[in-house]
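Pasting the structures in now, so scroll down.
Each of the next two complexes has chain A plus one other chain: chain B in the first, chain C in the second.
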Partner chain A sequence: MRDEKRDRYEQRVTELAIAELDALNEIGNIGSGNAATALSQLLGARVQMSLPRTAVCTLEEACAALSHDGGVGIGVEVEFSGGLAGTMMLTLTEDSALELVSQFAMLSGKGLEDSMVHSALMEVGNIISCSFVTALSDFLSAQGKPSPPMFVHDYFEAFVCNALAHGADGVDEVLVFTTELKVAEKALAGELVFMPSPETYMGILKGLQVTEGVEEDV
Partner chain B sequence: MSKRILVVDDAAFMRMMLSDLLTKAGFEVVGQAENGVVAVSKYKELQPDLVTMDITMPEMDGIQAVKQIRAYDPKARIVMCSAMGQQNMVMDAIQSGARDFIVKPFDPPRVTQAVSKALA
Partner chain C sequence: MEVLVGIGEYRVANPPSWVVTRGLGSCVGVTIYNSIGRVGGLAHVMLPSSKDFRSFTNPYKFADLAVRALYNEVRRNGGPQGLQAKLVGGARMFSYRNEAAGFDIGTRNVLEVRNALAQLGVRVIAEEIGGSWGRTAILDVATGQVLVKTVGKGELVI
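== the complex of A and B ==
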């Protein structure tokens, strides 16, 4: 991102109005609702997602909030490019990842080192990321093209911070939606995270028509 | 004789789920491919009656693979299977020559119906 655009973005992020935050919460809500439905169909189990939290914070704060106190877990990251660009990530502790895949009868008793378990987690991350972004795409009339999903099994701090820093494209203040999942009445320790790219974020605000009097050219 | 199907998806787990579903519906899964390049090569080798094709894959995506398969065999029957249900992706797939488009996760009756209709 160019310096001038970055300055303007950071100024807008820190000056977010309450109406804008409400509108952004609604965006997160639409995305996570669609993602919950897709995951429920895939697992054949009841899936609940909490109302998404919309946070505007520094990269460092986002990273700390999603690091699970230095624990180890898995992450599935899908990057979106085009008019609806950003980073989506499903993060889960090891126990919760196993809890999730145990919903598939064919994977019962298999551990996190099993390649089919990796593949199943990748596909779960892929399907909920794509359904989240598809819902936003319909709502905002913008298109996002997904990358193939990437799987990582490491310290949360290492992979979450790396993904967020990559997606932030040089800005320090970021907008992050996070949602927690409950599958078959059991809460999973982890999050579904969506961080729109700075330019997409500005586009979302424009699309929502909550930028009255602010004519950013991004 | 049951119809022969080639299943293309970069996720081994989805290939397994889809193959299982199709086999239970009475189709014969004759091969699997993990990207567009392998899909084109296996299509030529196996000459299946139908291909189920994912879109987002490494090496070569599903839209490019459909174009190459249709260039080799204009009568090829292909059903797209993608987690992205965005309208422009559906349009791209149909314009490239796919017969139908299924959004993941799969609803088994919808898969069977789309595959049967494309084979009719």
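== the complex of A and C ==
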């Protein structure tokens, strides 16, 4: 990312007004609504997602907030590149991952070491991520090209930090959307996290028309 | 007493105490121990270099600045003699498509921590690094030994 762009980005993030955060919440809401519908179709069960919380924080604050107090869980990460770039991650505690997997009849009774369980969780993460980003791309008129989903089962801190550090691109203030999942009326312990790249974040602000004074195209 | 070190923090302690940091993935836990003064500390480094960032609030998440701060604090408490370092973490938790071999955050964190220690003249006497799994590090300040725990890959002492 070019320096002057980074300067402006950091300025924008730190000066975010409440009204802008509300607007960002709305964006997250569009994305999570779409994701919930897609997951519901995959599972054939009712899926609810909470209104997303939008946080602007430092990298380590984001990691700490998503670390489940030193706990162990699973993560499915999908990276998006192109005009709509960022990191999308589904995280779940071990219990909640198994709860989610139990929605697939053929996987009942299988554990987290089973490769079919990994595949199922990757598919869930993939569908949620892609539908979330598709909703945003309609709004932003920009496309994001997804990577294949990547699966991890380890300390939350270990993989969340790695994902955020990888996506940071030299910017310490990050924008993170998080939402919670409920499947078949059962709340899952975990989060759906979207961290747009700094340039995409500028694009989102532009889309919201809250970037008065910023003339240059992103 | 157990002293917990969060991401981008460092702590120094005297015995009897254990300095703990949890869930190191690509992050690196670096301990500096003075066996003569029996003072030890641990830093939880998240990113390789503050020079990659134009602004930041917390300097101690960067290898270059955290190692120096940790060194100064251990030195202030136990003198400059006999300082030894150990490294834990630096894993690659995800196989990113756009990441060339050897340029992942974990590997770069390890290299920058080693560089910073070399500049300060602190010898690295043990490492438990790399791979694709997370690690929890526990420094026993009475002995300088570091217990490394994993999820499903056992534990060992370095």
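The rule is simple: the second predicted complex is superposed on the first by the 212 of 218 C-alpha atoms of A that agree within 3 Å, B and C clash if a C-alpha of one lies under 4 Å from a C-alpha of the other, contacts with A are read in each partner's own complex, and residues count from 1 in each chain.
By our rule, a residue touches a chain if its C-beta (ideal position, glycine included) is under 8 Å from a C-beta of that chain, and two chains touch if they have at least 3 such contacts.
Since the structure is predicted, the reported quantities are computational estimates derived from the model, not experimental observations.
Undergrad: Report clash or fit for the pair chain B and chain C bound to chain A in the combined superposed model.
TA: On the superposed model, which is not a single observed complex, chain B and chain C fit side by side.
Undergrad: Tell me which partner A:Met106 touches in the superposition: chain B (first), chain C (second), both or neither.
TA: After superposition on chain A, A:Met106 lies in contact with chain B alone.
Undergrad: Report for A:Ser147: first if it touches chain B alone, second if chain C alone, otherwise both or neither.
TA: A:Ser147 contacts both chain B and chain C.
Undergrad: Return the chain, chain B or chain C, that is in touch with more residues of chain A.
TA: C
Undergrad: Output check: A:Val133 vs chain B and chain C. Expected answer is one of first, second, both, neither. What do you get?
TA: first
Undergrad: Scan A:Ala120 for contacts with chain B and chain C and give back first, second, both or neither.
TA: first
Undergrad: When the two structures are overlaid on chain A, which partner does A:Thr58 contact: first (chain B), second (chain C), both, or neither?
TA: A:Thr58: touches chain C, not chain B.
Undergrad: Tell me which partner A:Gln41 touches in the superposition: chain B (first), chain C (second), both or neither.
TA: first
Undergrad: Specify the angle subtended at the CA centre of chain A by the CA centres of chain B and chain C, expressed in degrees to the nearest 10.
TA: The C-alpha centres give an angle of about 120 degrees at chain A.
Undergrad: Please provide the least distance in Å between a C-alpha atom of chain B and a C-alpha atom of chain C in the combined superposition.
TA: 9
Undergrad: Which chain A residues contact chain B in one complex and chain C in the other?
TA: Residues 147, which sit in both footprints.
Undergrad: Using the touch rule from the top, collect the residues of chain C that touch chain A in their complex.
TA: Residue positions touching the partner: 6-8, 22-27, 46-47, 52-58, 61, 91-99, 104-106, 133-136, 151.
Undergrad: Write out the stretch or stretches of chain B touching chain A in their complex.
TA: That would be residues 10-14, 16, 56-58, 82-89, 103-105, 107 of chain B.
Undergrad: Which residues of chain A touch chain B in the complex?
TA: On the chain A side, the touching residues are 38-39, 41-42, 106, 115-116, 119-120, 122-123, 126-127, 129-131, 133-134, 137-138, 143-149.
Undergrad: Touching residues of chain A toward chain C in the complex: what are they?
TA: Residues 3, 6-7, 10, 58-60, 63-64, 67, 70, 72, 77, 79, 81, 147, 150, 152-163, 165-166, 168, 170-172 of chain A touch chain C in their complex.
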